[in-house]
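Several structures are given next for inspection.
Shared between the two complexes below is chain A, which has chain B as its partner in the first and chain C in the second.
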Partner chain A sequence: MSNPATEAALNRSGLTISRRDDVAMTHVALRRGRRADLDARVSATLGLTLPDTSRTVEAAGQMAAWAGPEQWLVIGPQEAGTDPSAALAKALNGVASVVDVSDSRVIFRVRGASAADVLSLSMGIDLHDKAFKPGDVAITHASHLGVMVWRHADGQGYDFACARTYAVDFGHWLEDACSKRGVFA
Partner chain B sequence: MRISCPHCGERALDEFSYLGDASVTRPDPAAADAADAFYTYAYERRNIAGPTQELWYHQAGCHAWLVVTRDTRTHEISDVKAAQDVALERVNSTTGAA
Partner chain C sequence: MTSENQAFRLAGRGVVDRSKTFSFTFDGIPYEGFAGDTLASALLANGVHLVGRSFKYHRPRGILTSGSEDPSALVELRTGARREPNTKATVTELYDGLEATSQNRFPSLRFDFLAVNSLLSPVFSAGFYYKTFMWPASFWEKLYEPMIRRAAGLGRAAMEEDPDSYDKANAFCDVLVVGSGAAGLMAAISAARSGARVILADESFAFGGRLLAENRTIDGINSAAWVKAAIGELSSLSNVRLLPRTTIFGAYDGGTYGAVERVADHLVKPAPGQPRQRLWRIVAKRTIVAQGATERPIVFGNNDRPGVMLASAARSYINRYGVAPGRTAVVFSSNDDGAATINDLANAGISVAALVDARPALPDAITARAEALGARIFAGGVVSDAIGGSRVKGACIIDASGATHTLSCDLIIVSGGFNPNMQMTTHLGGRPQWRDDLAAFVPGAMPKGMTAAGAANGSFSLASCLAEGARAGSAAAADVGFDAKPIAIPASDEESNGISAFWHVDRAKHKAFVDLQNDVTAADVALAQREGFSAVEHLKRYTTLGMATDQGRTSSVNGLAILAQLTGKTIPATGITTARPPYSPVSLGALAGEHRGKHFKPTRLTPSHNWAKEQGAVFVEAGLWLRALYFPKPFETDAQTTVIREVNGVRNGVGVCDVSTLGKVEVHGPDAGKFLDRLYINMMSTLAVGRARYGAMLREDGIMMDDGTAARFAEDRYFVTTTTVNAIKVVQHMELCKQWHWPDLDVQIVPSTDQWAQYAVAGPRARDLIARIVDKPFDVSNAAFPYMAVAELTALGGIKARLYRLSFSGELAYEIAVPARHGELLMRTLMEKGQDLGVIPYGTEALGVMRIEKGHVGGPELNGTTTAADVGLGKMASKKKDYIGRVLAERPGLTNPDRPRLAGFRPVDRAARLRSGAHFVGRNTEPVAANALGHMTSVAYSPSLGHWVGLGFLSGAETRMGEIIRAYDPVRGEDTLVEVVSPTFYDSEGARLRV
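Right, the complex of A and B next:
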């Protein structure tokens, strides 16, 4: 953050923005007719049941987010010397197409009770409590950039996965939007 | 205009892109009358004032192709289905499969 005024406004907003750079992201797409096999192997490997609707599920530090029909984004810790995507590709060989997308996306995290108010300024989806509940996920755009967004289980924040190429731009927008807390929203 | 994606829920028009008529099917290029059939398929399109079936792509969302039933006079959308389901229904109805 280069601008002290923005920084001060952010501090007043009660919102925090961070980047999750310590995670591995893996895109999983079902192979036709292999759903039962995929469910069994995902359950054995990750201890998760893949959601059929736009939701996230979590178990033992791993999260699977619905990423479109018959597709999911699996997010877990990236520990040194490990390759979670390769391990998953091996476990799901033949039943799903597995791609390591850790280097193609960046996850931003926004925390704070008023997050929905400021994010609503530049997002088309309804972030109201009744419309976008904890654990809900949406693929949409924010500030004209394609994002996947999910609401934290405690309802107090959101994660945004956006293309790494747009990370700086998206980060600026987040800072700008959140620093407007109390001004426009 | 807003479209209710069967996967994502109701979204604004700027998340979708339009392709065209969803009621036509590509003819069999191996058929004896393929040239005539392709002429009809490519050029003899209807310009309906009323309910039409259109292909839309949820490009900024779930990346699914949709078949949208829209009234061209009022923009009222009466039905949205996943194009994959529509295509499978079509195949099943022609092959007699369940």
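Right, the complex of A and C next:
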């Protein structure tokens, strides 16, 4: 972390911030009228069903996040020396447009029981348990930066996918936001 | 320190903390007060009533109210960079070390030179600046306006940068309760007990509203003690957020409210890391407006003198702050609530000289009490004038029979009834309704999800506030799905609320003020009406009534009531002006929040940024991007030298430039080619796989939108680039076309600007360098990979890459791209492997010079007013298909052959410098606008040619080739003869591209 004050604040609230540089991200966009085919091939390849609402689904180390109407982000481990999207592109050939976006975004991860409490001040969406449940995803903004955020299945943290070229600014914002004192703490 | 210097502090009264004494200064004089005081209560405790001079007439002004509605107790708070003008002493929380200064006085508060303005008041009457300072017109800007501005005005803003930080925060709730008096507290409790998420906000530092200011009994205990218990319950609940020191200043769409929390305004300076103020965006499913009511003064002569005070304010100072606002009072009222203030005065040991009430008959209980106190009673009487200058010395009273009486007093307590604080209910267009029984406007139809309760709703009695608040709270919670049960309503003591509308004493001898902050008198209202400004909105603007920072909370209704009397209309027929956000002033610092200085907008960094920084690059802000402008060597003292070296380095060897900022979009799908055909003026569906093509797109109106390239990697996979500045706009345009214009096309769009680090590698040695970067066996020979070829491959030993044979510089060139995380590695490798080739990095300045030498159009040419034909791309437009902008590009104005077209320009005197922005006129023509032929858009010193070159738009460019014309620049006082030439200055055959 960038400075001792931030570190102290994170310790105080029991939060950790990390960057997930080891993931492959693939944008999957449905081709017209091929939903049934896409579902079948995704199920066969990834073992999961693509969500129709703003949710994430996970199976066997792969996650699919709703990223807009008829489009999804598939996130999984990045393996050195391979084109991260090549296998998926092959599997979904003709039923979806598949684009490697592993480097388009940087994923920041915030973990800790007080994450919602602390981040709620800085987020434009309602992070309350009733409003943003584990597995929910939102395409929103944080401060003046566009971001896609999803809540971890165990409810104990969030991933933020922000555009790579904004990542330095975003990282500063995130540290700043997580250093604030929560209101219900 | 004892309170002996707080001579007006009352023993045993109020909720201030007497164990905490605070020192403060006003106009340099030291005083003391207690924790829990406002600046106003602390000043009054020390007998200080005169706190400022008025806006226009520089009249002495005092403390009229005890809340955020105060029109006159405005001071400058703090000093130096933290100096804050027009701060209301009535809401400023006292802190140890507070420094305040009076405003708008010269040389001192007691003796003000400009008080002479008061004698000139005929000159300064309503609309004076429209009439008095009209002629001659030229005098306005230089003489009248500065003069008026110096004379009229309030505090001075700090001249230094604000040293404090400001924060923004968001909150969501089921029920937002605005105001924490009887109604607000009951609403919050009843909603919170059901489990709903509740936010309770109050503008004061202490919750309780009027319950702290009145000596009332609830459930058998004192009202202030009851507040403590209620807040105790609320703060124990995890579903409740309490926001003290927070003003909800505006209602916006979708249940969104703006609020400002004064986090550290009560400290000398904020603690480290603490914001001074925080701007809240609160989204509430239901909102209960429980902001109480504001007492209105009665308009009489000299009613602005220090010592004239609202009855509710006097009770606040006595009951909440334990301060006697005077020694001898005259009470002037039109209602029971105001008249009953004699009880509080008597309890505080203040002698009541007289009770003057405009009503001919008073309730027996009040009459009896006044008699018992030995006060003279003037039923059906009025106070016509206050006597005294910088402090009230007496009151001039006209009794029911018309006889005049003069009584000594140092305090005139005034009450004309209450106006509900319903501003929030009108922010989204709601219209208030008049109620005769209350002589007040109450909320009318409210926005969805909003209700009003208690005094804000016109229910003034304590019992009705408690009951209505409780009902509103449970109804709001039930409305959003909570099982809200009715809660017990506490018992309260009785009161009477009779009122008879009374606004204005027309027999006053002295100036009678309606709007104290803007110095608008009853005579000004009459003048405006006589001059035809008899609609409320006209009255407001002509006289400035209600337009000051207090939003006219003590003046608007009085003003329109006086207008109604003058026009013979009823008050509802006269109407009320519209209240708009903010409810009370919000500092610009809070609105800006953390977005100031370098954080005003986000910064985007290119993949080679860190490396470029190491190299000592000079950066330029290009939109949100930071781009390397040039890379100076230690011995290079000026930018020109560096740029010339970089251009020569590319033209004679090889250079590398980070072009990752160009917009990049993946366009996929079976209909991708068809889609691009409709977007671009030229054909893209005919592009062969493995090739790229330059393209231009138009806006709907036929004007150039953007240019770039489309590369085709597969039948159903295109990769499109845009200019840096239009990257987002083009994607939005594509999404609009896909989703709205042509939903039938099977095409998918994925913005990919950030995915790729993309570098231009340009110069005669570019192939040698690229061959060392791409993995074998990829063949980069001209035969295998010709001009405009593209390929997907690997580079740097197995890293996925893309190679494009594109050239912006005019040299043999490539653009090579790798996933952005490898961008820095690619740049370092290019520099390392190209060392023996003399590779150099070049910045956007050299890039710009080379594009001008080549006659490529850029931002200055694609400026939102030029067509494809204007910029020399007319022949590219396909005649075989339809595309966006085609029809409107055919408009006569856009196809007029006289339109200025792109051309090149070189100085006749080769040593002369060219200037962009210079206007073209014929060689022997007078340089006036009527003779203008166009203008210069881009210029550069061309290292390749050894003189300046320029691009620009010239009427009849094609027929003027070789002509000598003037480039006339009146801004810089230059007049240069230039020759009209082809825009392509360098390698016009393009031979260097294709080697």
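Rule of thumb we're sticking to: the second predicted complex is superposed on the first by the 180 of 185 C-alpha atoms of A that agree within 3 Å, B and C clash if a C-alpha of one lies under 4 Å from a C-alpha of the other, contacts with A are read in each partner's own complex, and residues count from 1 in each chain.
Keep this in mind: a contact is a pair of C-beta atoms (placed from the backbone, for glycine too) under 8 Å apart; a residue touches a chain by one contact, two chains touch by 3 or more.
Not measured: the values here are computed from a predicted model.
Shared-chain residue A:Ala44: touches no atom of chain B or chain C. In the superposition on chain A, A:Arg31 makes contact with chain C only, not with chain B.
Legend: residue contacts after superposition of the two complexes on their common chain; A:Ala60 is shown touching neither chain B nor chain C. In the superposition on chain A, contact of A:Thr140 is made with chain B only, not with chain C. Once the two structures are overlaid, the count of chain A residues touched is higher for C than for its counterpart among chain B and chain C. After overlaying the two complexes on the shared chain, residue contacts for A:Arg164 are found with chain C alone; chain B is out of touch.
In the superposed pair of complexes, A:Ser120 makes contact with chain C only, with no contact to chain B. Of the two partner chains placed around the shared chain by superposition, chain C is the only one that A:Val99 touches, whereas chain B remains out of contact. Overlap of the chain B and chain C interfaces on chain A: residues 124. Taken in their complex, chain A has these residues touching chain B: 54, 68-69, 124-125, 138-141, 146. Those residues of chain C that touch chain A in the complex are listed here as 167-172, 197, 238, 241, 273, 281, 283, 594-595, 601-606, 625, 660, 666, 668-670, 716, 746, 748-756, 798, 800, 819-821.
Every residue of chain A that touches chain C in the complex is listed here, in rising order: 5, 21, 27, 29-32, 71, 81, 83, 96-97, 99-105, 120-124, 126, 128, 131, 143-145, 163-166, 168-169, 176, 179-180, 183-184. The touching residues of chain B, when paired with chain A in their complex, are 7-9, 11-12, 14-15, 60-64, 82, 84.
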